[in-house]
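I'd like to ask some things about the structure below.
The letters A, B and C name the chains in turn, as written, and every chain counts its residues from 1.
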Amino acid sequence: MLVTKGIWKNFGKLSALKDVNIEFKEKGIIAIIGPNGAGKTTLVNVITGALREDSGKINLDGKEINRLPPHARIRMGISRTFQIPRPFSNLTVLENIRIGSLFSGNSNKREIEEDTERIMKLLGIKSIEGKQAGKLNTEERRLVDLGRALASRPKYIFIDEMGAGLAEGEVISLSKLIKKIQIEEEMSLIYVGHVMKLVKELESPVAVFSEGSPIFQGSFEEVISNDEIIKLYLGDRYAKN
Amino acid sequence: MKFNRNLKSFLILLAVLIVFYAAGPQFYSNGAFFETLAVFMILSLSFNLIYGFTGYLPFGYAAFFAIGAYGFGIGIIRNFGLVQSILMGGLFSLALGLIFSPMLKLRGAYFAIANLAAFEGVYYIISNQSLASITRGPYGISTSSVYNFQQTYWVSIGVLIFVVILTYLFRISNFGLALKAIRDDPLVASLSGINVGLYRSIAWLTSALFAGFSGAMFGWFLSFFYPESVFSINYSLFAIVFTIFGGAGTLIGPILGTGFLYTIYYSVGLFYPLYFTLIFGVLVILLILFLPEGLKKIISKYLKWEML
Amino acid sequence: MDALILYALFVGIIIGLYYAMMAVGLNLVFGVLKIINLAHGDFIMLAAYLAFWLYFLFGISPLLSLLVVVPVFFLVGVLLYYTMVKGLLKKKDIETTSIVAFFGLSIAIESAAALGFGNSYRSLPLNFLPLTYVDFLGFSLSVVLLFVAAISIIVLFLLFYYLNRTKGGLSVRAMMSDEETARAFGLNVNRIYATTIGLGIAVTAVAGVFSPYLLGAIYPSEGGLITIIAFSVIIIGSLGNPAATVIGGLVYGVIINIMDIYSPGWGNAVTFIILVIIILIRPNGLVGGRVREI
C-alpha cells in the first residue's frame, strides 16, 4: 500500500498541495482527475521524488520513503510517465526500454532482456526498436515513455495526462491498452489527467482534485452526477441545483 | 551483431595504435613528437570521458594536467621513487577532482566560470612563493634525475592503451548507456533508477585521474618545468579542439582528432605557435558553428559508418 | 577605526566603481542575449592597445582617445553580432555553444594580439592630468584613480539612464525580461541584439582605455584573467541583472583591496577561491532577486 499523509507543497505563496491524504491499493486502476492547476502533477512529482514536499509523509508498505532520492524510489517500485513524453532522444527505442529495466534493481541479465522484449511487444513498438527516440512521432514517443516506466516492473505506476489531444477512437484503444497493461503486469496503475472520456472507459474508481487536495472519491457515475464537481469543471450555470 | 562489430573495430584500433607507436620512431626519428602525441591523446581521451559522455565542458581542465605534472614532480624531488611519483601525479589530480566535484551541481555559465576560476586559483596556489618549500613556487621543478626517454615513452604508451580500453568500456557498457541517458535528460534518468550524482562523479573522477597521468608523463618527459609550462589554458584548448574535431563521446574521435591536428601543429605550428593558436581559436568557432559533431558526423554521413 | 582600514575601504570603493564599469557590459550582454562572452577581457586588452597606440603615435591623451575608442568598439560589437553571435542564437544549447565559441574567439584574439603587438608590456602616462597625487588620511592617493572613478560613475550613469529612461533602452530591457512578448510587440530583434552587444563592448572599451591605471600593464594575454575577474564581479552582484553589477563591483573592489594590503601574494588565489565558493553556495549573487534556473 502506498499512502500519503498530510502532504503540503508550496510554490511561493501558492499552495499546490494542501494536506493531501490519499491511499493507493496494491492492484487495480484508479483515476485522478481535476482541472489544470489542481495539483495532480505536483502530487506525482512529490511521490516519485522529482520534487520535495514541504511537509507530510509518504509510506510504501509501512516504510517511509520521503528521504529517498528518485532513483531509489524506482527500485522500490514507484514509476511514472510524463505529461509531455520524455524518452531519451539520443538513445534507440530498445535502449530506452532497457534502461527502465537495467536500473530498477534487477541484476538478472536474462530477465532484463526478457522484460525489454515483453514490454516492446506489449506496446507494439518492437518493429521500431532500432530507431532513435528523437526521431519518433508523438504517439511513438508516448509509448516509449510508457515502456521505460513499465520495464522497471513497477508496483505503482503513475500515468500522467496520456490521453490529451487524442481522437475518440484513439481514446478507446488507449483505455484498452491501459487495462491490458494493468492486467498483464499486475500492478497498481494510477491514471492522472482530465480526459473524461478516457476516465469513463477505464471504469475505475475516481479521485477528484481541486485546489491542491482531493475533494471527492467514487465511481465515474458518482463523479459526473455530483454538483460540486460539475461546477468545478463547467462553472455554476451547468449545475442542476 | 553490433557488439562483435564494435569489438572488431576496437581490436583493430588497438593494433593500429601499438604498431604506430612502435614503428613510428623507426621512420621518423623524432621521439619527442611521438611522446607528446601520446600525452595529448591521453589528455583528449580523458577529457572526452567527462565532456563526451556527460556534456560538462570544463575550461579549466588543464588544472588536472598541471597538477598531475606537479604531483609527479613533487614525488621526484622528495625521492619517493618513480612508480610512486607517477601514481602521485594521478592521485593529486584525483584529489583535485574530488575537491572540484561540488561544481558538478552547476550548469552552463556557472560551471564554466567556476571551473576557470578554480584553474586560476590552483595556479596561484602552486606558483606561490610561500609554498616554495613544497612546490618550488615560481622557480619550477626539475625531474631530470629520472630522465630516461625510452622509459617515459613506453610507460606513456601503456597509459594510453589503458585509457583506450577504459573508453571502450565506457562506450559499450551499461554504465556508458546510463551516462548517455543522463546527458539527454538527467531528471528522467534519475526517475529511471539511475543514480545521477554518483555516475557523473565516477566519470568526472576517472577523467581527472587520467588527465593527471597525462600530466605526469608530460612532466617526466619535460624533465624541467615552470608553473606556466603546465598551467596553460592552451592544454584545455588542445583537449577541447582535438576532441570536438574528432567527435566527442566516441573512442576513435579524440584519437583521430589529436592525431590529425597535433601532427599539423607539431610539423608547422611549433615554429609559429602563435599562428597555430590563432588558427585553433578560429577552428573552435567554426567547429561549434558548423560542425559541432566533428569528423564523426562526416564519417557517418559519407562513409555510412557509426564511429566507435 | 584606524586610518589604514579607512584608507583601504575608500580605495576599495574607488576601484570597485571601476570594476563595476569593467564588468557591466558583460552582464548586459548576458542579460539580453543569454550568451557568455568569454572574450570579454580581450576587448579590454584591445581597447587598451588602441589607446596606447593613439597616445604613442599621435600623442592623444587617454581621455580624448575615448572619442575614437567608443565608436570603434561599438562597431566591433555590431560586427560581432552579425558575423558570429547571430549564428549562435540558432543553436539548441545557446549557453554552452556560446561559451565554446567565445573561448575560441578569446584564444584567437590573444594570439592575434601577440602577433601584432608583440609580448612586451605597455603602459599609459600618469601625467595626462595636471596633478598626480593627493594626500588622504596620511596616505598618498593617485589622482588618476579618483579620475577613473569619476569616469566610471559617469559611464554607469549614462548607461543606466539609457536603459531606464530612453525608448531604445526600454526595448533592451523588454528583451531582457520577456523576449517572446517583446518579439510579439514587433521589436526589431536583430537591431536590439546588435545594439546591446555594441553598447556592452563600447562600455567595456572605456574600461579598457583606463585599465593600465588599475589592472596593470597591457599585454596580449591579460584578457583571460580579466574575464574571470569580470565574471566574479557580476556573479557577486547577480548574473543577468546589470544594476546589481555595481554592488558586485564595490564588494569585489573592497575585498581585493583589503587582500592586497593585508596579505599580498595571496590576493589572487583567495579571490578565485572565494568566487568558486560564492558560485557554489549562492549562485544568484548577493543581490539575486530573480532566481535563475540552472
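Here is the rule we go by: a contact is a pair of C-beta atoms (placed from the backbone, for glycine too) under 8 Å apart; a residue touches a chain by one contact, two chains touch by 3 or more.
Quick caveat, the model's predicted, so the values are computed rather than measured.
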Intersection of contact partners for chain B and chain C:
none
Could you pull out the chain whose C-alpha mean position is farthest off from that of chain B?
A
Rounded Å distance between chain B and chain C, as computed from the means of their C-alpha atoms
32
Here the gap between chain A and chain C, centre to centre from mean Cα coordinates and rounded to Å, is 50
Would you kindly tell me how far, in whole Å, the mean C-alpha position of chain B lies from that of chain A?
43
Note the residues in chain B that touch 2 or more other chains, in rising order.
none
For a test of understanding, state which residues of chain B touch chain A in their complex under the given definition.
174, 177-178, 180-181, 183-185, 187-196
Under the touch definition given earlier, write down the residues of chain C that touch chain B in their complex.
30, 36, 38, 84, 87-88, 91, 95-97, 99-101, 103-112, 114-115, 224-225, 227-228, 231-232, 235, 239, 265-266, 268-269, 272-273, 275-276, 279-280, 283, 294
In their complex, what parts of chain A are in touch with chain B?
48-50, 69-71, 74-75, 79-80, 82, 86-91, 95, 98-100, 102-105, 148, 152
Name, in rising order, each residue of chain B that touches chain C in their complex.
55, 57, 59, 102-103, 105-110, 112-114, 116-118, 120-121, 124-125, 128-130, 233-234, 237, 240, 244, 274-278, 280-285, 287-289, 292
